[in-house]
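For reference, the structure I am asking about is given below.
Letters A, B, C and D name the chains as they come in the text, with residue numbers starting at 1 for each one.
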Amino acid sequence: MQIKGTKSGLLLHLYDRPLAGAVLELRGKLDASPDFYRGSRAVLMLGGESAEAPELAAVIATLEQYGITADGAVCDSDSSAAVARSAGLRLVAASVAAAPRKVDDRTTPSRNGRARRSQAAHDQTRDADEPVTNVYHKGTVRSGQSFEAEGNLVVVGDVNAGAELIAGGDIIVWGALRGVAHAGARGDDAASVYALRLEATQLRISRCIAAAPPADKRRAHDLLPEIATIRDGRIVIVRADQPHR
Amino acid sequence: MIDFLAKFFRREEASSSRARERLRLVLMSDRVSLAPDIFDAMKGEMLDVLRRYLEIDERGMDVHFENAERQFALMANIPVREVKTHDAIALARRVAVPEGAEFTSAKQTASADAANGSAAQQATMTVPRRRRRRRARTAAIAPLASQPNDDAGTPQSNDDAGTPQPNDDAGAPPPSG
Amino acid sequence: MPDLERDVQDAPAAPAGASSQLQLDAPSAAPVKLGRSIVVTSGKGGVGKTTTTANLGTALADAGRSVVVVDADVGLRNLDVVLGLENRVSKHLLDVIEEKCSLDDALVRDRVRRNLLLMPAAQNREKDDVPEEKMALLVRQLQERFEFVLIDCPAGIEQGFRNAVVGAQEAIVVTTPEVSAVRDADRVIGLLPRNIELKLVVNRVRPAMVKKGTMMSVADVNAILRLDLLGVVPDEREIIIATNRGTPVIDIEGSETGAAFRRIARRMLGEDVPIPSFEDKSNFVTRIMSTLGLGRS
Amino acid sequence: MPGRAFVITSGKGGVGKTTTTANVGCALASLGKQVVLMDADIGLRNLDLVLGLEKRIVFDLVDVAEGRCQPRQALIRDKRLDGLYLLPASQTKNKESIEEDQMREVVRLLVAEFDVVLIDCPAGIEHGFRNAIAGADEAIVVTTPEVSAIRDADRILGMLGQRRARLIVNRVRLEMVKTGDMLAVEDVAEILGREVLGVVPDDEEIIDTTNRGEPIVLDASRRLAKTYIAIARRLIGEDVPLPSFDDDGFFGRLRRLMIGTRSHA
């Protein structure tokens, strides 16, 4: 078991092991310096093994004894995701599990008057009822830039290869989407990606990942607006004018 | 074709030989400027030798490298107050070089070269063109081992052994220290 | 200890020593008209930043402007060898910033063009040694004395990049028609301050390859980057020869590359010089795009 | 026995580090080695593009270094060649987000499982360079026969410490060498004073294959495929002689003689 500190909290690696033994080992580690992690938040990396609900609850309770709030979970399978959700953990895409993303001058999305929440505020969003923030950005999103929205994310402009969009809800790009887009990043299978030109390097919706087809396999209609959604457990791309075909 | 022939025979200066020449000079100056501490050490040792023969005005001394048109040169301008007497020189040499060890000890090879080449009268010394190049590099590479970004942090003396220098002349002086 | 903290923060904002030192070198005339400060950048290395800086500087000098080219690549300087001035470098940019010498001590004047000067980079130092605010101040000092301050940016997006960009009001982004160069250029554009004026130069275009379809066209490149196109420079072996000799390629007779740089310099001076078509600018994809109104004309 | 880690570096950018990494890596895999290609150019990654694997990146080097995933999860297996893997760099972070110790640790984990780790170094000599060389046992210095590239190569040779460093001279144009407009490989080797691991002629095919994300080695009919395979063989210790480049015929020798005489005059 590994406990790693990142800028936004702890990452607790629990994969590759039965959770049953985890509590003891966790105690052993935390006892070494009982107050060291007090007040931090933790994301549990559960992997693909199906976690048992009572054992997961025991891990969360143990963490709380040491003043650590279990805050989210990264799951590689539906079963472990279900258990994590029922234990009150929010699902986090592994790619956003830690690391607050640095925002440089050009990426501060504030044109709609409401900038992205601070990381602290972000972390406290455990209540499903609490309203989420949508983000609106006008202008080209360049390689290396990264936008994140708790709710929906709208970009008016191109999103170039090497750029990254992550949203809890839908992603709408009024322009060419060439970078990576992750909609429904917290496990919302109903989320979609809309783009005038959908040429994404890679699409992720909830826990599904799809790579773009090779350039020569794309047909002429690909120059029309398209929508990416999950159907039967995999990502499909449909033309915007015929969304149900 | 005419163009080709013209180029072939005219060719007052092939640009690659120009490149070779320029690189030779610029790399020597880069390598030297990489190692200010080595340069200071060399200056000190050079002075030690000169002092045995001459009374030197150290405040008026100026030693630096110059990258002149076709030569990379060590320019030393060292004001001499007085040339020592034979006896004084003999005494100074006996103190500095015990038991006839001459100037071949590692620490003093560089300065020995300088002294042999220019003796006391000649204040300006020129590093010969081809021969000396390898030596210049040996000296310039060594101090890098002690720079903070070198993870090994190994002492300088090991550097020679570890750095493959296929054509290095055997007689190249190891860096002092 | 709030006072202490303020002192620390104030320190870089008002580098008293530096400004007084630098002012000594500046002409004493009261309000000076500032020259243009332009950084030549690319993200990816080896796309021709240094060549572009050297040749544009030379061409602008030929047009009668006073020009200083600044090598911001501390530790890996090359502007001096491309201009053939490496023999004459003694002091460098860091010496000036650290007040070890005056501006004039460090500037190297070109042998032929007396209105072209080089501010060399330090070769034995690191980029982290240059404080950004002092760099900005230095560029400002140079702007007071020269009509054009061209800054040759190092590759990458680390401290060297930030130092090169900090004093610039305009940026020339150099790229080549290669996927990786375009991607890196895009990355750099995203990192440049918002208020900087951006222009694009596409370098190393090989018309024959574009025609064969084995190289992206300029239109393809700019469909992604979407910047004002300042110029297109064809690839030529003369560049290598020029660098071997240490002469700017614009001095090599009959060089297409040199001619392209001269045209770019004229555009920088506000002349309306058309960009010759080194290539059939519209390929299949861009034609479809423009039919749909998606491409940029 | 653990594998070996080589850093592929150059100082100057755009001399072909990434292309070399991709092609030597493919060549090694085609010789049956288990190979990881690691992109250390955080924030300006390109190895994924050159290999055509950019669509499959989920985790990256920074994720591994920060423990957000297991090394295995971040490795992308190249489906075209058995035993070839890519560990991509992160594009949205900067080079300061990873430390030399972390790099050393990641490389240590990789050499435990693979025969060869090739680390694609960023241009320059800043933080990213120091990270890239931190875990490497040996260096391959890529340069071109141009003044500025050789000067930068000389600079970084001095920063590689005790590591063995061999040269790949890239973009050699034989016809220009013959006309005296380009430095010969022997000149470059003599100036830099290091062993030459390989010589790669300048070839338009590289631009094309790079744009398409298909390393040239994958197609044995390509002109340069043999060149890279020879380099790979030398790298793993086989004795493959360098092709002789100074044999440029009577005229070349004649001219060389003439130039030689003149330059000493």
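Please note the rule applied: a contact is a pair of C-beta atoms (placed from the backbone, for glycine too) under 8 Å apart; a residue touches a chain by one contact, two chains touch by 3 or more.
This one's a predicted model, so the numbers in the text were calculated from it and none came from an experiment.
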Pair of chains whose C-beta contact count is the highest in the structure: C-D
Rounded Å distance, subunit C centre to subunit D centre (Cα mean): 27
Whole-Å gap between the CA centroids of subunit A and subunit B: 61
Chain centre separation in whole Å, for subunit D relative to subunit A (CA means): 35
Length of the line joining the C-alpha centres of subunit A and subunit C, rounded to whole Å: 39
Of all residues in subunit A, the ones touching two or more other chains: 143-145, 161-163
Residues of subunit C engaged with two or more neighbouring chains: 81, 123, 157, 183-184, 187, 240-241, 243-244, 246
Per-residue overlap in subunit B, given as positions that touch at least 2 other chains: 15-16, 19, 22, 26, 30, 34
Chain-level touch network, classified as line, ring, star, complete or other: other
Footprint of subunit A on subunit C - complex, ascending: 157, 183-184, 186-187, 189-194, 224, 226, 288-289, 292, 294
Partner subunit D, residues of subunit B touching it in the complex: 7-8, 11, 14-17, 19-24, 26-27, 30-31, 34, 134, 137, 140-141, 144-145, 147, 149-152, 154, 158-159, 162-168
Residues of subunit A that touch subunit D when the two form their complex: 2, 4, 6, 11, 13, 15, 45, 94-95, 97-99, 101-102, 143-146, 161-164, 180, 201-202, 209, 211-212
Of all residues in subunit D, those that touch subunit A in their complex: 43-45, 54-59, 62-63, 66-70, 91-94
Residues of subunit C touching subunit B in the complex: 81, 84, 86-89, 123-124, 240-241, 243-246
